[in-house]
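We call the chains A, B, C and D, going by the order they appear; numbering starts again at 1 in every chain.
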């Protein structure tokens, strides 16, 4: 059992709106990519092709800061607040995606960029699962009609309690 | 001249999409409320009515973390990315509003809550101005028609440079 | 292989002064206790005996902040600088010890305090090993004479390159 | 009145060991250099001489992280703990000094480095004053004999309650 899950189980009180697995996976993914992105930016500073890596470094620094903060905020359980959690998970997903895109450009040349890209893609996915599991993803915000059939791309498909209506397409950039 | 503006003026290169005033005011407001919220949570821990202040403390801790990170990310100038900046400013606005709401409940009883609430309301407003000035706010996302009349609540009303032209719809990266 | 070690191995260039195992264990311990301490402070806020937990919450918040920052700084490899690394590892060790002491008081009553105390003790030890492995611990600062025999309590005993002198005792409050 | 001082005055309870001026000046200096150092690292990434600025960027990132955390920890008032406060102020002073040294090398060429260096020197001094005012500086740790006469370089000279002994010289690199 991961440390995040261990602490969640130790929480004194019910957490009725929380999908424990999605939440703890997201916290752990965020923490991992926060450290990996810091280390990647550092390694880039020592590369001979440093001038080409400037945008990659920026994206890594942003990702590290946002992912680290997201892990902290997700570790708190205030009375339910959709705005903050939704926006922060969207920010973290965006920061992770940007960092992954930048690092993927250099993944063949630099091993640290490959490791970072993979971690950021995991975090991007974990943030989206956490959003959906908390009822905060685009499909849910759009409003489910009778018999919603969630598109294949929506991670919530695996938590389906819906029954088949056609949903508006979920733009990947949305929150 | 504040230190944030001073550093922005020292930036080596053009920043065509940046509203310098809105950005630096937002950075400084975020930093201020990050520290004030930390201090408020601390002061609450010493109050005799601590059990009633638990939600206030949570909101202050979230606000401190999110505002501090927002100030850092806003200090960077990557190639223009709508998703991250928009989502993070939304998260910071939400965190600031929540903290202000909680602190306003105790503003009469506790001076530190009053100071914190005021700082958070300033940050909430500064985040919205920064979003609008970067073309990222809700009014703009909704799509403006000819002779845009921005709603009274939109801070961008005071920065109006439009004169009725049709604005392009905002990139799919919207929130 | 942990992610911290993975990134260290991917570093482009030699790191002659670095004990890879001690460093990566310290980074991972710091990150873990940073998140656990955040979660412990949160859980304390929901406990019925919250007023008794105020100092515990403070110590957890300090530990989370300091450990998180230590993990970031340790992920960087600037030209060798003794002052910063030594002082920061000392601060992290102190913050972890304080948090552990506070949480141990409530470990029987609250599971989250027990988990947190254990994590902080691991971080305390990891910081001391990292300091010693980098030649920054008190025994080494005191100056080794010929044939140093490191006291049993000094984690550096296992890295012995010394040859047997009696060292002054390492004060627990020292840096 | 600065916001840090405002919050300190609003603290519910006595703070007998706190030199309000030294503490609030230190908090505000730390916050300022945390943001300025972030902005300086960012600006360096856009400079044509980026490869020469790698160490400067590292030092700026370290300084930003450590100063930001120091401001947070100093905003808390736990039961008196010498180890953590002393070590953290030492770390912040070291990080600020390193960043200042690096930035001073490029101060003529890059305005953002000049602004950053000046801010870091202020923070370095503020950390030392805060250490001395809390009885944590090297001169005091060395143990005052009768009639201590603090050396001119010790910021505590202006808070003198001592009575004239000759102290061992205070090494600037000490902790």
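Heads up, the rule we're going with is that a residue touches a chain if its C-beta (ideal position, glycine included) is under 8 Å from a C-beta of that chain, and two chains touch if they have at least 3 such contacts.
These figures come from a predicted structure and were not determined experimentally.
S.K.: Report the chain whose CA-based centre is farthest from the CA-based centre of chain B.
M.R.: C
S.K.: Tell me whether chain C and chain D, two copies of the same sequence, contact each other through the same residue numbers or different ones, using over half shared as the line for same.
M.R.: Over half shared, hence same.
S.K.: When the centre of a chain is set as the mean of its C-alpha atoms, what distance in Å lies between chain A and chain D?
M.R.: 36
S.K.: Hey, how far is the Cα centre of chain C from the one of chain D, in Å?
M.R.: Measuring from centre to centre gives 22 Å for this pair.
S.K.: When the centre of a chain is set as the mean of its C-alpha atoms, what distance in Å lies between chain B and chain D?
M.R.: Result: the chain centres lie 28 Å from each other.
S.K.: Going through chain B residue by residue, note those that touch at least 2 other chains and give them in order.
M.R.: Expected reply: 42, 46, 58, 61, 68, 72, 76.
S.K.: Is the way these chains touch best called a line, a ring, a star, complete, or other?
M.R.: complete
S.K.: Using the touch definition from the top, list the residues of chain C that touch chain D in their complex.
M.R.: Touching chain D: residues 55, 58-59, 61-62, 65-66, 68-69, 72-73, 76, 78-79, 81-84, 86-88, 90-91, 94-95, 97-98, 173, 175 of chain C.
S.K.: Okay, in this complex, where on chain A does chain D touch?
M.R.: My answer: residues 41-42, 45-46, 50-51, 54, 57-58, 61.
S.K.: Could you please specify the touching residues of chain C with respect to chain A in the complex?
M.R.: It is residues 3-4, 6-8, 10-13, 27, 31-32, 34-36, 38-40, 42-43, 46-47, 64, 68, 71-72, 75-77, 110-112, 115-116, 119 of chain C that touch chain A.
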